Every structure is written in C-alpha cells, then in structure tokens.
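Chain naming follows the written order as A, B, C and D, and within any one chain the residues start at number 1.
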Amino acid sequence: MSAQSGRLWETGAALDELVHRFTVGDDPTWDGHLVHWDCLGSAAHARTLARAELLSQAELDALLAGLADIDRRARAGDFAIPEALEDCHTAIEAALTKRCGQAGAKIHAGRSRNDQVATAMRLFMRHHALRWLDLLDAFVAAVTGRIRCDGHIAMPGYTHLRPAMPSRVGQWLHAIAEAGLEQMRAACDLLERLDACPLGTGAGFGVPLPLDRAHSAELLGFSRVQRSALDVQNSRGRLEKYFVRAAVDVAAVLEKMSCDLILFTAAEFGFFGLPEAMTTGSSIMPQKKNPDVLELLRGRSARLRARLFELEWVTGKLPSSYHRDLQLTKEPTIRIALELPELLEVATRVAAGFTINAERLAAAMGPELYATHAALELVQRGVPFREAYRRVAEEIKAGRFDDGAAERWRRSTERFDPAILAALEDERAAWRRETKRYRVRTAAAEAELLPGNH
Amino acid sequence: MSAQSGRLWETGAALDELVHRFTVGDDPTWDGHLVHWDCLGSAAHARTLARAELLSQAELDALLAGLADIDRRARAGDFAIPEALEDCHTAIEAALTKRCGQAGAKIHAGRSRNDQVATAMRLFMRHHALRWLDLLDAFVAAVTGRIRCDGHIAMPGYTHLRPAMPSRVGQWLHAIAEAGLEQMRAACDLLERLDACPLGTGAGFGVPLPLDRAHSAELLGFSRVQRSALDVQNSRGRLEKYFVRAAVDVAAVLEKMSCDLILFTAAEFGFFGLPEAMTTGSSIMPQKKNPDVLELLRGRSARLRARLFELEWVTGKLPSSYHRDLQLTKEPTIRIALELPELLEVATRVAAGFTINAERLAAAMGPELYATHAALELVQRGVPFREAYRRVAEEIKAGRFDDGAAERWRRSTERFDPAILAALEDERAAWRRETKRYRVRTAAAEAELLPGNH
Amino acid sequence: MSAQSGRLWETGAALDELVHRFTVGDDPTWDGHLVHWDCLGSAAHARTLARAELLSQAELDALLAGLADIDRRARAGDFAIPEALEDCHTAIEAALTKRCGQAGAKIHAGRSRNDQVATAMRLFMRHHALRWLDLLDAFVAAVTGRIRCDGHIAMPGYTHLRPAMPSRVGQWLHAIAEAGLEQMRAACDLLERLDACPLGTGAGFGVPLPLDRAHSAELLGFSRVQRSALDVQNSRGRLEKYFVRAAVDVAAVLEKMSCDLILFTAAEFGFFGLPEAMTTGSSIMPQKKNPDVLELLRGRSARLRARLFELEWVTGKLPSSYHRDLQLTKEPTIRIALELPELLEVATRVAAGFTINAERLAAAMGPELYATHAALELVQRGVPFREAYRRVAEEIKAGRFDDGAAERWRRSTERFDPAILAALEDERAAWRRETKRYRVRTAAAEAELLPGNH
Amino acid sequence: MSAQSGRLWETGAALDELVHRFTVGDDPTWDGHLVHWDCLGSAAHARTLARAELLSQAELDALLAGLADIDRRARAGDFAIPEALEDCHTAIEAALTKRCGQAGAKIHAGRSRNDQVATAMRLFMRHHALRWLDLLDAFVAAVTGRIRCDGHIAMPGYTHLRPAMPSRVGQWLHAIAEAGLEQMRAACDLLERLDACPLGTGAGFGVPLPLDRAHSAELLGFSRVQRSALDVQNSRGRLEKYFVRAAVDVAAVLEKMSCDLILFTAAEFGFFGLPEAMTTGSSIMPQKKNPDVLELLRGRSARLRARLFELEWVTGKLPSSYHRDLQLTKEPTIRIALELPELLEVATRVAAGFTINAERLAAAMGPELYATHAALELVQRGVPFREAYRRVAEEIKAGRFDDGAAERWRRSTERFDPAILAALEDERAAWRRETKRYRVRTAAAEAELLPGNH
C-alpha cells in the first residue's frame, strides 16, 4: 500500500528488502542538500498550478506556508528523510500532505520526479556556481595582493625545471591570477548554460495540463524555458558535467600552484616558506616540518577529476530519456559543490600566507639566466639571431660569458607593471558584474517563493 | 654540430640515437597538420619584427614569399619534416634559411618554439572549431528536416526502457536537435576562450625586444593579447582540453542517438530501419544485416573521451611553465580535430537516411501509455492527483482501464509544433551569426599574411 | 604541545585551524574501518618489540590487553576517533597510553605511521578480498544453479543485437559463470600480491633497531617480508590499485549481466521477467513497473571505475616515498570494499530470481537463426564454405530458405552439457581451495594476537 | 557482389561509400600487426578441419604452404591489406583463395571472424607479454647493476619531498628494482590468463561441426580451451584490458623513476646528472641542457593510462556477445604493445647511464637527517619512544642537537646488503623460469604451423 509505504509509487507487491535498500542507496544523505531547492521548485510549481486553477488560493497558501516551514526545519537540521521515503521529494510531499491534507495530494499534478529533480539540481548548481565565483574572486584578489606587495622581487624563471631566464615573483603569480580569471569567465559560461528551466516537462514527454512553463521559469529566476521535455532528461548528467568540469578546472589552477610551492618551499630551492602554523610533523622524525597542506591541495585537486569520470561513466552510453542510473549523478555533483570551497579557502590562505626568502632568491639569479638577453642584445645590434645564439653558447662553453646583460636587466625592470595590476582588477570586477543578474534573480526567487526565510 | 644537425639548439655533444628518436617521437607526423598555421604565425612574427626594425623590408619580403611558398608546398603534399629536424617549426626555419639566407637566420629573434607552438595550435584549434560548427550545423539541419517531415508520427515514449507515455518521432528528434544546438553554443564559448594571442611571449618570460604584441595579435585575427607570458605556457593543454571537451560533448550527442537507433532498429522494436547501403554482413551467418555504422558511431564517440583523459594525464600535476610532456598535447588535439568531422558526417547521413516503419510504431501505441493522461483528466475534473493516480492504477490492475484518453490524445495533438521548428531554425542561425566575426578575421589573416594562397 | 593536542607530532606552533581541518579531512570517518586491523598490526609490533627486549613482558601484556579491548570497543561502536587526533593510529596510541602509561609511550618505537598504515591497509584488503571471494562464489553458484534448472531452454543468440544463431539460456548463463570464475582466479592473484608484510620499514628508510621483521610477518599471517623499505611507501596506492581493479572487474561481470537483463526483460524482447518484488514504480505514471535494480547494478558497477581513476590520480606522477597525497588512497579502497558486496548480493538475488517466459523465447526462434547451420550442413556434404554461404544467402533472399536445419538443431541438442556443469563446479571448488591458506593464516593471526575477540 | 568486393559478407546492396570507409576505419593499418598471428591461427584451424576430414591432405598442404608464404611476405613488408578488403582476415582468405582455389573457399568452415580475431589477438598478446618480460628483465638487471656499483653511496631519504632520514643510492634503486620484479610477477599472471584457446567457438554460439578444439589449442600452444563460446566474445576487451594494465603498471615504475630523476638532476638538488648525449637544448636560450628524455618518459608513461581508458570506454556497458565496437579494442592494444618496449629501452639506457655527483650527495647529508636515529638510540637505552622523540625535538629547536648519531650511522652501514642483491637476482631468474613454458610452446607452434619461417 502506498498509504503504508509512503512512496510516490506502488506496484502492489511487497518489495524485496535487500533490493529496496539497494535502490534507495545513499539518496537520503545526498538529498539533504536538495531540500531547500526542492522547496523552492515546489513553491513555483504550486503557484503555476494555482494560476491554471488546479489549486484554490487557500490550497496554494497552505502549500506555500508548508514549504517555507519545511525549508526552515531543514536549515535547522530538523527535517529528516527516512530511508522508507527514498528521497527528499517524497519526504517533502509526504510532509505537505500530512500538514495540508488534500492540497498536498494535489501538488504532484503536472510534474514528475523527473522534472522535479532536474529543477532542484539546476537551482543547486546555480547557487554553488555563484558561491565558487565569490571564493575564486577572493583567491584571485589574494594572488593580486601578493603581486602588489612582492611582485618586484627577482626570481629565476624555469623551463623543464631548469633555470631559464630572469623573472619575478610577480610574473609567477600573474600566471596564477590569469588562470583564476579564466575560470571566472568559465563560471559565467556555466551559469548561462544552467539558465533554462526544466519544470513542467514531466517524465520527459510533457504534461497534458495547461501549465504556463514560462511563469514557472520566471518565478525561479531562469531566463528561458528548456524547450524539449525529452532533452530535460537527456541533460541529466550533461549539465552536471559542465558544473563538475568548472570545478575541476578551478582545482587545476590550485594544483599547479601547489606543485610549484612544494618545489619552491623545498630546502633545495628555498625560495619560499610556509608559516609554521601551516606545517605538520612526523610521528617518528622529530625534526620534520611537512607541507601536508600543499600535498593535499595537489592530491585533492587531482582527485576531483574522478568525480567527472564518475559522471561520465554513470551517464555515458545510455539511450535517451530517464534511466535510474541518472540518480547516481547526484553524488559527484553535490560532493564537488562541497569540496571545491574547501580547496579555494585553503589555497587563498596559502597564497596570502607563504613567506618569501629574498636572500635565497637573489642567490639563485645566476649569470646563465641572462644568456638569452645577451643574444637579443646582439640582435638589436644587427646580428642575426641564429648567429647571436651561437656566439653566446660559445662564450658560455668557454667560460667567457659575462654578466653585463644581467646588470642591464636589473636596472631596466624594477617593478611589476602597474597597468597589468589594474587590468587584473578590471577583469575581476567585470566577471563579478557579469554574474550580478543571476544573483539578483536568485535572491528575488527566494524572497518571492519562500518569504521570510531569508 | 648545429650546422650538421639542423636542430634549433645544440648542446655540443653527440646525441644518443635511441634517446633522440625517442624525444622526436611522432612529432613529424602530427606536425604535418601544423605547417600552414606555423607559416601564418611566422608571417605575423616577421611583420612585427620588421615594424620594430629588426628586419629590413627586403628581408621581410623574402621571408613572406618563402612562407607562402612553404605553405603552398605543404598543401600540395610536398613539404616533408625530416626526423632529424624534429618538428615543423625547425623544418620551416631551415627551409627559410636555405631560401632567404640571413633573413632566415633572423626570424627566430624574439620568439621561442614555446610561443610559436602555442600560436600554431591556437590557430589550428580556431580553424577546426569553426569547421565543427559547420558540420554540426548540417547535422542539426538534417535532424530538423526529419522533424519537419516525420515529426508528427506517434511513437511510444520510454523511461527505464519501458513504455511510458505517448510521444512522437518529432519529440525524440527534438531532443537531439536541442543537444546539438547546445553544442553550437559551447563551440562559441570555446572560440572566445581561444581568442587570445600568445605570440611574443617567448619561452614564458617575455622577450627583451620592443615587439608590438598587439600588432601580431591583430594580424592573426585575435581580439586580445594573452597578457601573462608564463600563463601562455601554463595554458598549453588547458586550452586544448577545452577544445577536446567540445568535441567529446558533440560526440556524446551522436552516441546517444546511436544508442537509441541500435534499439529502435532492432527486430524486437522495429520502429526504424537502416537503408541496406548502410548495413554490413557476417563472415559466417548468411542472413545477417548488421548496424555496424551505429555501433561504430557509439564506440568511436565513446572512445573520444580517451583523448581527453590523455590530455589530462599529460598535463596534470605539472608545475608551472614549459615541460617537454606538453609536446604530447599535440596528438590528442590533432586526432580529435580529424575524427570529429568523420563522426558528424556519418551521423548526418544516418539522421537523414534512417527509415520509419509506421505500422510497427502504430502497433506499439498500447493503451497503458495513456495512464498518466487518464489520471490528469481526472485532475482536471478536480480529483487530487494522488487519488487520480491510485484510481487509474486500480483500473489497470483490474483490467478495467479504457482507452478514452488514448483517443483524446490522438485527436488533440496531430502535428509537431511549428513554432518550435521555427525556434530551432532561429537558434541555429543565431549561433552561426555569432561565429561570423571569427570567420571574417581568420580569412583576413590568411589573405593578408599568405596572399595568393587562398 | 603534544600533551595538549594528542597528535603524534608537534612542530611547536599553533596550527592554523582551517589548515588543520583540511589536513585531517575525512580520515576519522574512513579510519573507523581500520581500527581492527591497526590493533592487529600493533599487537604484532608489540610482540616483536618484546622479542627485541624493548618491552618487558608486563608491558607487552598490558599493551595486548589494551589492544584487545580497543578492538572490542570498536566492534561495539564504542571507539571514536576525535578530529583532534587525526586518525585511528593516533587515537589507538593515545588510548593505549592512557590505559597502560609508559608502555603506551613505548609502542611507536621502531615504526612510523607510514609502515603502520601500510600494514593496516594490507590486512584490510586481504580480509575483504577473501570476503569478495565468498560472495563471488555464491554468485557463480546461483548462476550455475540456473543453468542446471533452465539451461536447456532455447533462446536466440545475438550478435550486434541482431538474431544470429540458435542458443540456449544455459549458454548465456555459462558465459556469466565463466567470467565469474575468471574473477575468482584474479582474486587469488591479488591475494598473492598482497602477501608481503610491510611492518618494520618505518618511514621508508628502515629502522635502526634489531627488530625481527620475519617474526612480525609470521604473526600477521604473511608468507613473506616486503624487502625494500622505500618500496613499501611506493606501493601505497599500487597495491590498492590491484585491489580496486579486482573489484572493478567483478563489477564488470555484473554490469554485462544487467545490460543483458535490461534488454531481455523489456516488453519488446519479453524473454525474461523480474519478480514484482524487484520492480519499482513511477511517481506520475500509474502503470509502470521499472527495473531500477538492474539499472542501478549497471550504473553502480560502471561508476566503480571512478574509484580506480581516483586512485590513479592521487598516486600518479609522484616521486618515490611518502607524500601526504597517499592518504587519499584510503577512501576509494575502503569504499569499494564496502560497495562490491552490496552489488554481489543484489546480483545474486537477481540471478536466482529472474523469471523465464518460455513462450516468448520459443516464438523468437525464427528460421533465419539456422542459416549458418544450413550452410555448415552443406559443408559436411562437401560444399566449400564460401559456396554454401552464398547458396543459403540466395535461398533466404528468394524466400526459399526452409527450416530443416531448425528441426535438426532442435532434435540434436536438447540439454546443457552436464560435463560443463561439472567443470564449472570443479573450478569453483579449486579457487576456493586455493584461498584456504590465506583464511587459515588470517584466522590464526586473529586468534593469536587478539585472543578472545573471535 | 562478393565476387567484386572480396568482402567475407554481402548484403546484396551497394554500400554507401562514406559509411564503408567509416566502418573500415584504421583496421587495415592496425591489422598489419596481426597478419603473422592470423596465419598461425589459420594454419591450426586448417589442420583441425583436415582432422575432421573437412579438408583433404592436398588441400591442407596447399593452405599451409599458402599461409607460410603470406607470413613470409608480410614479414618482408610485401603483404598489403587493401581498404576494400577491410581487415587482415579477409585479405588472407582472399590471398589463399587466389592461390589455392577451392581449398581457400573451404578454410572459413567452422569459424567466424569473431573467434578468428580473438585467436590472433591472444597470440599477439602472448608474444608481446613475453617480449615485455625480456625488456623488463633487462631494465631490472640495469638497476641491479647500478646497486652493485653505487649502492653504498649515502643519500638523503625524503618524505614529503623534505629530508627525512639517511639513506643510500642503493636503497632508492632497490625500490625501483622491487617494483620491476613485481611487474614480472604480474606479467606471469597475465600469461596465465591469456592461456586459453578461443578458436572453434565461431560467432559466439559454437559451431555444428565435429571440430576438435583441444587439438587446435594444443597446436597453438595453449594449455586449455576457453570453454564458453559466448564468453570468448565477452572476453574481447577484457583480456586486452589485462594486457594493457600490465603495460600501464610497468610504465608507472618508469614514471616514478623519471619523476625522481627530474628532481635529483635539477641544479638545486644536483645529486645526479644526465650524460650530455641524453640532454637536449632550447631554440632560444643558448645555455640550456634539458632533460627532455626524462620528461617524455614521465609524460608517455602517464599517457599510457589513456589506452586503458580507451578500452574501458569501448567495451564498457555493452550487452553480451559481439558488437562492432569491439573492433576498436585492437588499436589501444596494439599501440601499447609497440610503445612499452620503447619506454623500457630508453629507461634502461637512463638507468645505466645517469651519473652520480658524490660531493653534492655528501654535502646534503645534514645532521637533522639523524634525529630519528638519535631518538632510537635513547630508546635502546630504555627511554620510552615518545619521551625520546620529545627530547630530540627540543635539542633541535634549541640548537643543541649533536651529530653523534650521524657518525655512528656512517660507521655502521657501509654497503648495500649483498644478500638483498642475491635475492633480487634469484627472483629475477625465477620469473624468467616461470615463463619458459610459454616460450617453448610458442616456439613449437611456430615451428609446427609455419615451418621454415623461423
């Protein structure tokens, strides 16, 4: 009996308990993160039902109050999803029915769990993409801040992990900042792809009720409706993949910074240091101060790729439409939404806090770093480059290479270009501005649909 | 000896031949696809050198004529890259030096192979992204064409691969078209990310010559300069990853269509057929007509993901700056540029050519497909949805479910919505328009830098 | 202060709390699964210390009693790992020190967390590999049981998902059974690779104390010592990879069975069915009976590959020796150890429970399935195969193909070969026997080191 | 027409040329590596046909001579596979039919391309696994040789890339040797899994002819028959996966060695060097000597994982039996068979050739490396370890730590343990012995089936 089980469906037979537990899986756990978004989606759906006169005003009011209450309870940690109820969608409908009676029994008209889940996930992803943008913004700001303070300090430039040409701390940091800005751009692209409302497409074949999908979309702050009902189901996992990739790409920036810092803080390089409060020790070797924080930034950034792979495997090679496999897209998406902020916060702390050992850096600026400069000085005096290259190579080999070029480099380029700093700040502000419309619409949806909860 | 080896570098020692062959690897093969783009990049660099008075007008003219000649020869299959010369960049410089003497020896001033490769790859990717867009456009057009002709034919909608609700051939195709359009949007995002010129950043630490990077960028049709020299190297593989992902996502659309068609053309479904000219036989079973083309579309689309994985593994966990590992980003990028067009062309042929078995489709429209419609008709008469759901479930169980809803569905929705067809065409045109500026700039660069070759 | 923090190391500075939480991560959660194995490893280490006269008999007795008590508490859910203590190893040493005083402070002599974790993980993996073997054995037994009952029922054989040749239910199941047996073989290979004791290698550079590593190995039931101390650290993740691959390969067998059953239970095929107790319904479509259990077997089997990928990314491209990244090898290993049994149990239930629709199967045995038989009958009468193939193809095309071969096939092969059934049973028994020595040694270690707890 | 097309099948319709080219793909290229193995498999099949009196002795003799001739031509580069003929199997049958007439038309009786390909691939993989073992053996021998010469030289041991404890060059190399030996063990496991003959299973449903499969197996040097005909098809890709994994694991050993050497040869460490003949230069920086060989060993080892991923994607989530996707398992398998030897040969050259900078190593043996030794000396005098750890930590902090332990370490452990060297040699010999039976059987098969060609 549905009355007994509380599930949204009923085949009429007792369910094999092992099979039931298996099909439910971890959904109740992960769905804890979706309650708020399902309340929002449900409130929009209820309003669209009322507009189509499929709910009375009183029923609508009761449902909206009920959803706001569930949302409040969930935020207070007071709304559990029992395993018997499978997922948050069922638990919310059950709670509504308990509270509002017949109105609760009406709310699922014109929707399926299929479009309901898609709606909740899309709202969830929009929210978290905006949150990433804030944290990424803070990270880029921290890096830019370090450029402003320490950008001028000379530092060897490496290729193949071998000293190559003279560079500066600011040039190293600049590359990190640019990579961060590129991910801000990418997050904006992501937000645009997420900006289509799936609600009202039912199980993937539309709904034979006169529901105004554009109204639902507007209420939820989407700028367009996702036209194809079947594509809503086909995009389960596809949009999640864009979301996860955006996180993976942000993490790759942190991974590279960590790889650099693990080397540059090693005793053998000694360019940078970690404050003691960021190092850890050994259980056996009393002298150790280990950069675990950097190694875990590297390792955890690297492993995020596995979430992407998980999504690919869960969704790949499936025919069109909904298959239960798609339920497995929730976990990697939700996990990554929770993990990336941790990585960004720690990386920002590291970027702001690493120390600089000016003496070791100065000592590392050996004469051979300037070989290319010497060759290009010859070029400026008319020597063809290949000839200049050969002459310098011979001087080095014969031990006759002098450091005039080094002296001239030091005199010529003393600070990090303020125009670039300004450009970085401008671009950062531009991406922030670009996302404002999503923030405004999201806030408006929350205020309108779950009033009093924010 | 450099004189003997022709390589762009020389450590002065005889190179271990096993090691040399290993370091060269397949570069000469893959670089065959880059000659044109390196000629273009080299022409822009030469003009910027001349503008800085590091080349005379006569030298510039000689170099430009030489590059145009190399480009023509490469197109005619008449420009080989000898293993001894490692890569196309070396082979081109060697050919220029042979032809133009001292001017050839001057062209490498102010650049490194590092920014040179990055430039060639970016031009290569821009070109191929535009080509994909054309083929994707044709694919979406073929799908839309089928919707126009056959969109009205009724077809069961499936979830969990079980008959779910009534649908139409057009609704199935519509989902494919939408997924295709989304990838056109994605290709536009990709073009924007590729739209930054790396030329003039040298080995990753800039170049101490007064070169006008903005001029180079404009000549090559880029709308901006990639500011950070180090980020140019750090973006090796990063931009390639965006490129490969765009292809993987297009292929995922084809994969899903193939998975559907493999089922729907199976005897047990029998909804669709493949023209005999698209089937293949068995070496042992005389009666077989196999859908190899669909299976290979599925398998080859699926395996494209391995190229992405290859890029991730080659570039992941590397510190900043250039490492030789990055050379291995060429193969997956070039391969995917060549493979995706094949997949798109074949998929377009399939989408245009599959046949429809109207009788089998009609026979498959069993009454249970309309259960949800029946329940929602009750909802429209005021029955709460949960109650309506239960009533219909009981009717079905008791064998009392009648097909009134079926009859009403058939009467109500006879054709595929022409407004949606129009919207699909509009969006397709919009993405084409969006890319026009890249096409114009690319064509202008070709005409300006390698005149007479196009 | 270590006294305050309880950590096994102390750099002397207050630790940044954000960084601390980040470095601890989920270790306390995952380590809950390792307490038992660390107690076992610690008991062996204590005995080896005592043998080297680095612990008195009284100290040893106190430690062994303490470890047995911790083990009992952990099994009763009564041994928590506080976040402040980072991991189970620290929590266990802290608990021992609290209980046994100075003896507790002595137990870490001659070991590092590095070899301690490796030991615990190896014991954990050995245990779970043996558990998998039991469940795999039960799965193969269920499949073999179905062959015995239903193996004779005729069923079309498919290639390219197109009817190919006559087959039997037993032949389909036989392939599954063989794949299962192959994984039993693979589990035996895995056990052999795990059969080397890492204890006593310290942080990766040995321990300057006269500890008898062979004694530790014997106590723990390993047949050999892992010789190289550094390789113990380098094998973190490497051995886990073998373990995870073994699970992934088992799951691939279940994945394939699920893919088959999703098709064969579809209405359009209709060969098999799922008992109602294994089907689930739809929230919107009253008539649906969905094979969620099969789809989740497919999806969850497929996604296990992501754990492997996670391990590869965490451990790949690392230099020799311990890096904190390696801590991230725990999660995928432990998760997969817990997940595979669920999959195996459910798959066994499905294999034993699916129903067979003999009428649909019989109806599906169309005459064209016998084309190859007809051709090979001609071959037996002396016609060259290529000629026979052509003749039959022409008969089919002309509608002249008769079903004599069908009739003869039906008469000739009425049951599944009992010799093969016997061979399957024999091989299953052989692999069970092959693992007996590991079971015996493991049980002996438990009885000896944590007496009274089993 | 088959007569015209030469294909082994014929649906009777003209084939769409785009589709045909697409379905053939690169098969002719990759199949070039399979001709020899298909000749071997075909010779065995012919002999088994003759034994069943389906070929006369004269026909058999003609076929065997024809196969030996094709094999010789292929080895001489004189046997092309035209695109029209799709694959090597068709080309070989066509060549036989051209040469032997009716005997050629008879050879395909009782087999399908499905079991034929499986047989050729299995022979191919067995051959290459044995070849890897030889090269791996040589690599381990080179490493062991370096231990013998240089094993005694002191070197810091690192954890977290921070100096940890005193170690020796030999201990670093020992870990590499052990990892190599483990892969020799793994290759033996692989050979055992490959040791089952698929020939005679047809398209996956057996063959209704009285063919003696055990005879075919014996002729080809397999110790058992693969019992289930359907499992032969299901194991396409599964066995290839084992093969590719074995290669990936060998490469991971080389990857780790390369990661170490990139660091240890960096100027900042300076422990080791590369002979100049193994370094490469820069196109712009005249002073550079780059370790491209090490970076490519790292990058190419890392990317091998993509081949595994390719196999997983091509074969994952497929139902039982043959699907054309499986054809795509050839490329990654064959590529990896060709790539791994290159990597092993270069790595062996590097392992034998890197130079040691004894002064830099000696200078790096700083006093703090001995902190653990100092603590454990206290332990041996009865101080509990935790107390000893704290005392030493305080001495270090206070600058009072003396290097008595260092002196004692230097005196106590002067050379690499010869017993371990002997154990390494013994184990290496053991794995070689273990493979002898496969070598003997393979050689016997070649001599028997293609006499005169070896």
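FYI, contacts are C-beta pairs under 8 Å (C-beta built on N, C-alpha and C of every residue); 3 or more make two chains touch, one makes a residue touch a chain.
Note that the coordinates shown come from a computational prediction; the quantities given were computed from them, not determined experimentally.
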item	value
Starting at subunit B, fewest touch steps before arriving at subunit C	1
Which of C-D and A-D has more C-beta pairs touching across its chains	C-D
CA centroid of subunit C to CA centroid of subunit D, Å	24
Centroid distance [mean C-alpha coordinates] between subunit D and subunit B, Å	32
Subunit A and subunit D, separation of their C-alpha mean positions in angstrom	38
Sites on subunit B at which at least two other chains make contact	10, 12, 108, 114, 159-161, 164-165, 202-203, 263, 282, 284-285, 288-290, 292, 295, 298, 302, 305, 313, 316-317, 323-324, 372, 389-390, 393
Contact set on subunit C toward subunit B in their complex	159-165, 262-263, 266-269, 282, 284-292, 295, 313, 316-317, 368, 371-372, 375, 389-390, 392-393, 396, 401
Touching residues on subunit C, where the partner in the complex is subunit A	7-16, 18-19, 22-23, 25, 89-90, 108, 111-114, 202-203, 275-285, 288-290, 292-293, 295-296, 298-300, 302-303, 305-307, 309-310, 313-314, 316, 323-328, 332, 342, 345-346, 349
Residue numbers on subunit D that touch subunit C, as the complex places them	2, 10, 12, 54, 97, 102, 105-110, 114, 157-161, 164-167, 171-172, 174-175, 177-179, 182, 185-186, 189, 192-193, 202-209, 226-231, 233-235, 238, 245, 249, 252, 255-256, 259-260, 263, 298, 302, 305, 312, 316-324, 372-373, 376-377, 379-380, 384-390, 393, 397, 409, 412, 420, 423
